[in-house]
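Could you have a look at this structure, given as structure tokens, before my questions?
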């Protein structure tokens, strides 16, 4: 079957219908994961052993099980429990639980990469420990954290495709529907791939811009 | 804990085990492919000529930007159209292997670049040439730091194999979903499925930690 | 081509002729010329950023230079000039590796191979580059390690050795190639003060045995006592050079006078 470039042009509007949901889910999942990572990292670095053990258990469980199974667990589980969640919501929760754990580890590495001497220097000029963390450690850690955070964001965007299995009509769902109805398989999946590449590239570019804005001139 | 609470899960174990077998087979074959091809990509990135390096970058760019699920769909829809009938198992292993090869390449390349530049210089200063410096000096040191990120990538690969359930391969996730649709016991079944993945990934991590201890210089 | 134009008896081992190097638009070596005779120990001093380490690395072709020529025993290192077009071309990787094997180098940060024992570190070059049988190479390595006072450390991994011991292994590794000359790049700068002496002792021993050496260092006392010639560099140029007594006792240029004065006052430049 010959490759028909004009078909790409006709595929784009159909896929664009799914684009909104993919973008919305990506943005929400990235924002919520980044937020959820904060209490998790506090839990991981807590002084109380019960808290660290509990948080560590959660992190190990989600990191060692597929996000797809977590989605199924939440989606089908919520409906059996009598509080049915939409595919979108179930997907959002699973993505947040999974990626929040990864992002917490990123935060932890960022904080630990700033030398203890920086805190000591802050304390030495009379800052309280809290202020030293906020004024000295956090701004430095933030810069260290941005590149791996950008990578995790790309992972999240790509993983939003999984909610297609929960009948959420996002990009991949639309493409599959189209592929089932027409024979233009190559064109559809090429267009779909280009959509994802465009989204992830745009996101990565924004993160690089942010990184550049926050750079330290050395 | 009563048997009633886990009744459905216990009854489903034999069925799930058939899925586990598919998951393990898929994991093993995709892991071999990802490791081998990842090594090739990293070598090209480090030592290849301009054209080869550009090719590798394009490959990595695509894989980094496109979801694994989309690649799996593309493969399963597109190949039959092209008149190629590929065994779904083989196809799945291929796509997953090639996909994670990109991440393996990052691991290997990162490990080589992590070896101090002075090691290359010390090798050069006694008159060794690049291939020899690489094989005798850089590689043994790179392998030592490869362990943890390599295992992390393998864990990602194990989790990634669950996606083949969406294109109809009867792995443990697929079997789990089928059982849930008949028994309406999602907590038990998906909890059990998650536990199985956890065990596989956990065993991998332990192996990694063991290897790391074995390969450290100071015993 | 490099030919000996001097009247002194010992032949020239390293001949540096008008070497220039740029990092981008920044010229770090400005037509530097000097020579090192067989059996001589030449010490290069100067403030940081003066180009002394860069010059040393050019001799061993770890850095490329854009103009001029460096000859080892009459053979031009690294580049060949096309007799017709006068174009300079970098030699093949094989030729360069062969040339590097004739000049040893000891680094500030030791750069021992951390996954090999001291013995294997020293024997690697003879086995892999010279094609020496492993047995013979390891005997040679053991005798060299004994010579630098580490007979009891042959099987130790670098991580188990002190900085001074590691640096002595590195010197043995350079000696194992039986080089025409050895280059020392601030080899005591990364060491704790109490470990400096053991490395300088080995170097002093090499000077007395007549090894040709080029030494970049801040150890002024060592330079004054054991160098045959001292070269003072600043801003990518050789500002002054001569016998140590003359250079340290009667510096001619204001730059060297300031440099030595600061050193005496305890400033590290």
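Going in written order, the chains are labelled A, B and C, and every chain counts its residues from 1.
Everything that follows uses one rule, which is that a contact is a pair of C-beta atoms (placed from the backbone, for glycine too) under 8 Å apart; a residue touches a chain by one contact, two chains touch by 3 or more.
Because the structure is a prediction, the values reported are computed rather than measured.
A.B. asks: Specify the chain most distant from chain A by Cα centroid.
C.D. replies: With centres defined by C-alpha atoms, farthest from chain A sits C.
A.B. asks: Using mean Cα positions, find the chain sitting nearest the overall protein centre.
C.D. replies: B
A.B. asks: If you count the C-beta pairs in contact for each pair of chains, which pair comes out on top?
C.D. replies: Maximum number of inter-chain contact pairs occurs for A-B.
A.B. asks: Provide the C-alpha centroid distance between chain A and chain C, rounded to the nearest whole angstrom.
C.D. replies: Centre-to-centre distance between chain A and chain C: 53 Å.
A.B. asks: So what's the Cα centroid distance for chain A and chain B, whole Å?
C.D. replies: The computed centroid separation for chain A versus chain B comes out at 20 Å.
A.B. asks: How many angstrom lie between the centres of chain B and chain C, each centre taken as the mean Cα position?
C.D. replies: It comes to 47 Å between the two C-alpha centres.
A.B. asks: What are the residues of chain A that contact at least two other chains?
C.D. replies: Correct list: empty.
A.B. asks: Specify, in ascending order, the residues of chain C that touch 2 or more different other chains.
C.D. replies: none
A.B. asks: So which bits of chain B are touching at least two other chains?
C.D. replies: none
A.B. asks: Enumerate the contact residues on chain A facing chain B in the complex.
C.D. replies: Counting only chain A, the residues touching chain B are 1, 60-61, 63-70, 72-73, 76-77, 79-80, 154, 158-162, 164-165, 172, 175-176, 179, 183, 185-186, 188-189, 192-193, 196-197, 200-201.
A.B. asks: Show me the residue ranges of chain B that touch chain A in the complex, using the header's touch definition.
C.D. replies: The contact residues of chain B facing chain A are 61-62, 64-71, 73-74, 77-78, 81-82, 155, 158-160, 162-163, 165-166, 173, 176-177, 180, 184-187, 190-191, 193-194, 197-198, 201-202, 205.
A.B. asks: If you look only at chain B, which of its residues touch chain C in the complex?
C.D. replies: Per the stated touch rule, the residues are 116, 118-119, 121-122, 124-130, 132, 136-137, 140-141, 144, 217-218.
A.B. asks: Of all residues in chain C, which touch chain B in the complex?
C.D. replies: Counting only chain C, the residues touching chain B are 60-62, 93-94, 97-105, 107, 109, 111-115, 124-125, 128-129, 157, 159-160, 170, 173-174, 176-177.
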